[in-house]
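Shown next, in structure tokens, is the structure this report addresses.
Chains: A, B, C and D, in written order; residue numbering restarts at 1 for each.
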Amino acid sequence: MTAPAAMIELTYRDAMREAIRDALRRDKNAFLMGEDVGRYGGCYAVSKGLLAEFGPERIRDTPLSESGFTGAGIGAAMAGMRPIVELMTVNFSLLALDQILNTAATVRHMSGNQFGVPLVIRMATGAGRQLAAQHSHSLEGWYAHIPGIKVLAPATVEDARGMLWTALQDPDPVLIFENVMLYNMSANLAADAGAVDIDKAAVRRTGRDISLITYGGSLWKTLEAATALAAEGIDADVIDLRSLRPIDDATVMTSVRKTRRAVIVDEGWRSGSLSAEICTRIIEQAFWELDAPIGRVCSEEVPIPYPRHLEIAAIPQVPKIVAAAKTVLGRA
Amino acid sequence: MNEADIRTILQEELGNVAPEMDLQKLDSTADLREALDIDSMDFLNFVVAVHHRLGVDIPELDYPKLITLDRAVTYLKGKLEVSKS
Amino acid sequence: MTIVTDKPRLSRRHALDLLKQMIRIRRFEDKCAELYTQEKIRGFLHLYDGEEAIAVGVIPVLEQRDRVVATYREHGHALVRGVPMTAALAEMYGKQEGCSRGRGGSMHLFDRATNFYGGNAIVGGGLPLAIGLALADHMRGDDIVTACFFGEGAVAEGEFHESLNLAALWTLPVLFVCENNLYAMGTALAISESETDIQRKAACYRIASEAVDGMDVVAIEAAARRAIHAVRESGKPYFLECRTYRLRAHSMFDAQLYRDKAEVEAWRHKEPIVRFKGWLEASHMIHPDDLARIEAEIDAEIAEAVTFAESGTWEPIEQLTRFTYADSPARDVS
Amino acid sequence: MVEFRMPSLGADMEAGTLVEWLVKPGDQVKRGDVVAVVETQKGAIEIEVFETGRIEQILVDLNSKVPVGTPLARIRTGLERKAGVAVGPVPPPPRVAETPARALRAAPPPSQPATTTPAIVRVPGAGGRARASPAARRLAEMHSVDLATITGSGPSGAIIRADVEYRLVAAPASVETKRPTGLNLDAMRAAIAAAMARSKREIPHYYLEHQVDVTSCEQWLTRTNASRPPDERLLMAALAAKSVALAARRFTLFNGFYNDGKYQAASAVHLGIAIAIRGGGLAAPALHDVDQMPLDELMGRMRDLVQRTRAGRIRSSEMSDSTITVSSLGERGVEAVHGVIYPPQVALVGFGKVVARPWLVDGAIGPRSVVTMTLAADHRVSDGHAGALFLAEIGKLLQEPEKL
């Protein structure tokens, strides 16, 4: 039995920075490009200190030209580089949606497999910092709709540390969504923690009575809700999707077939959301095992408001998750 | 799925096929056709139900092994073991 | 016709080759139009009649290792760059023998062998792509030039300005070739741009630029030699505005309500093939049988391409999802 | 000679209106010349010709709207076609109706799996738990019905609401008392008595008997059932019923109703199946159009009918419109049954039990399986001779079970 690896405590932000540093050290073709990633140290301080270590060529500040530098990332990837494009937040990614959809996701199929785009795009997502409507979107579901790209939602420090390297090895574009509320979260991690898989969901808590299915920033609220439910004798399975495209159906269905009840927690707006897709898949694949309609806890269908009390009311919270679970269990 | 389970399932299905009869007094060694006045149609319905409930195939050649409740239970227990291994 | 004196190398052989390349494009586009009216080619079809001098003048000056990014009006560029006429026509038929496996059609010709990064149907969409290709070469210190072709319509897109800025800011080896044919589909230049002298826009990003008579293949070639040499030496971008004119409609289904016939007729006398052939005849560098030979060779090549496309095969439906991802299995129509 | 046709200028262009000819018969034209102007939804478009030659004849007059591909003029080319290769029509893609993209929305080509909707995964209920729809489960809970005692008729054997409803109709009381209160045997006894009395009073019965070799039926049944799961297996009763129905369609004197002093032949064959109910009781519900019913379907319906009759779940509509009845005493009865006709019907065919008999086959004696078939018929409508032919026909049909 070798001695257990030394454990270190680090934040989600530190873990992502370490992932970038590790990638750039191991692959000379890898480089980071985005607004304020260099001298400013990154809007969320993820890339702080990297400029000094790797220089301006590989920690490349860009003008505010999301379509331009995202397209540049795509071109560089097609020519053999391994770019990590940081789009600061999903809110600004809308200006690069054409490059992501019409070129990155499409060129391999449309060119008859002559050109691929081994590119990683990282962006922050989610509400909770009172940034109001234009800076608080959760649009992972939009991107998870597009064939040709993969979409990840690291919710834990371990995933923040481990997903990037695996994503960089993928021959196709991979989008990584980092919920803004997670950057300051800290956890213990093995000092030598490395790459993790990017296509399997994880069972973060096991229980027999109900399946709570979620991803990204909502994971921790869901786990808190599961603890509250346990106090009332309700034992919940908590599934962290980790990959939003492809979705790990097998893990979801195994859980639902066991518990026969499900609640999906998704910070996107309800209509046409990722939770709607997961609901449909459960009905298609596990209808005969269900004992109650599937519950959903999503953001209210409103532009996210500035005032704190309204923002809290607008997005999923622990009490809402607990209530939804009890309704599904017929014990509301 | 032990013997008792199989026996209850068989009794329930016999109840479906011959609802008019009172199964409590059924002698488990008696020929079902006599005891419950079962004809070939009833017997086929019985085989169909057991097939669905236990998921085992029952070829026509094995029908004689289901003539009494006890023999049916032993036969089906053997079949279930085979299909599980 | 400006006779550029510092042009020692306009040998007869080279002149005939330039003429043949232009006629080859013109007759290929003509055959595409015919095949479109017979419903063999579907979708959108944008033909290059009148602008041939630009592709023929610029692309041969590039090296094999250089990269080319074009637009949906890219038949001429593809042919001159070396995409086989058979594969290009089969692509327009939608056959899997096409250069993009039949999946792209006329607007999306791709060819890895010649570093031809496609047609792109999004106006301006190719510019950031070209920036990225050049960024990779720049970071690796590779002596490679990326030539990026686009129409004057792209100038109105944000991506045009973002890309020129990045190219200059990061010293990227990009040759921007603007094919200014005066019309963005149905919108004349004068009603879409405040500054219609397109090449002046490059100055805002400190990019060297010049405008060239797009109807003079010799002038284009000379400018291309200068531009590509400059890009290769300095690693800096260069902006070439080629002033040309589109003789056919924007696409096949266009009543051309936005311009009058007299204007089009006027340009027919100034188009690159008429001018270059006239100049060659005046300077006795071409004999009548040269032309006959050139046309016969081209017609034979076109006939072979049509036969190749006609006998091409449809990609099986089972392959539908293949290459959505690098490793997606063939039979996965979920 | 070549035809100049209305060109297609776009996928969404079905037709064009020729508004101007720029050439006339006799004019010389060459490839690329503009020869006409066509009005489309996008405006007037000049049309070029791709042939070189002389206009022979104009085929379409001005301002007529014609579909794409319509010949507009004939051109005498005279010389071999210079540039073009005889461009034959592109063989339409084997499975792709129109352009590949549109085909995806067309019916999926045959070679593809029938539909691309993900099949609902048929996973056996986890842990032996009955697979039931929410609707079925809720109803069962309301009436404390044990789902495990119900065989489902839903997809892949799942229990659906209708299955629970049936169970409730049959035994609304608690499970222990096995007597189906839905079935009032005394009332039934009275009804049978009345019918039989009326039949004997009004109908001059005559009886015929006919022994039939059913060995080929038995062998065919054994062979057929060997490869079938239980719920698709067939029984002799089904062969008997089908042969009676087929014969009844031909011998119309035995398939109809006698009312108010006259006989009315029935247009269809609704076969009454006589089913004995344990503890006394008899019912003969009808199966409709048995003569046109495939054997497998007939067997399924007979099994369902027997089970529902025993459980007292027969709809009144099923009781009244038989056109002829067949009665079989099953394996443990006697060789022959001379039944009583159910008024207003005019015939009843009976089947005794199948017995092994020495039988003359091609001159040699050998063991054969034999059944005694009987006919009770209404002498007001038919005579013995017709009855004999009717019975013989049934016997003949039973010699070729595979044709039933």
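Everything below uses one rule, namely that contacts are C-beta pairs under 8 Å (C-beta built on N, C-alpha and C of every residue); 3 or more make two chains touch, one makes a residue touch a chain.
Keep in mind it's a predicted model, so treat the numbers as computed, not measured.
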item	value
Chain whose averaged C-alpha position falls nearest the assembly-wide average	A
Pair sharing more residue contacts (C-beta pairs) when A-C is set against B-D	A-C
Distance from chain C to chain A - Cα centre to Cα centre, in angstrom	41
Chain B and chain D, separation of their C-alpha mean positions in angstrom	32
Between chain A and chain B, centroid-to-centroid distance (C-alpha), Å	55
Between chain D and chain A, distance of the C-alpha-averaged centres to the nearest whole Å	53
Multi-chain contact residues (two or more partners), chain C	102
Junction residues of chain A, two or more chains touched	none
In chain D, residues with contacts to at least two other chains	118
Complete list of chain pairs which touch one another	A-C, A-D, B-D, C-D
Footprint of chain C on chain A - complex, ascending	31, 57-58, 60, 62-63, 65, 67-81, 83, 98-99, 102-103, 107-116, 147-148, 150, 170-172
Chain D residues within the chain C interface of the complex	5, 7-13, 31-32, 40, 42-45, 48, 50, 68-69, 82-85, 87-88, 90, 93-96, 99-100, 104, 109, 111-112, 116, 118
Interface residues, chain B side, partner chain D - complex	1, 12, 15-23, 33-34, 36-37, 39-42, 44-45, 47-49, 51-53, 55, 57-60
Chain D-touching residues of chain A, taken from the complex the two chains share	257-258, 284-292
Residues on chain D engaged by chain B in the complex (per definition of touch)	124, 128, 148-149, 151-152, 157, 170-171, 178-180, 183, 222, 225-226, 229-231, 233, 235-237, 277-279, 302-303, 306-307, 310-312, 330-332
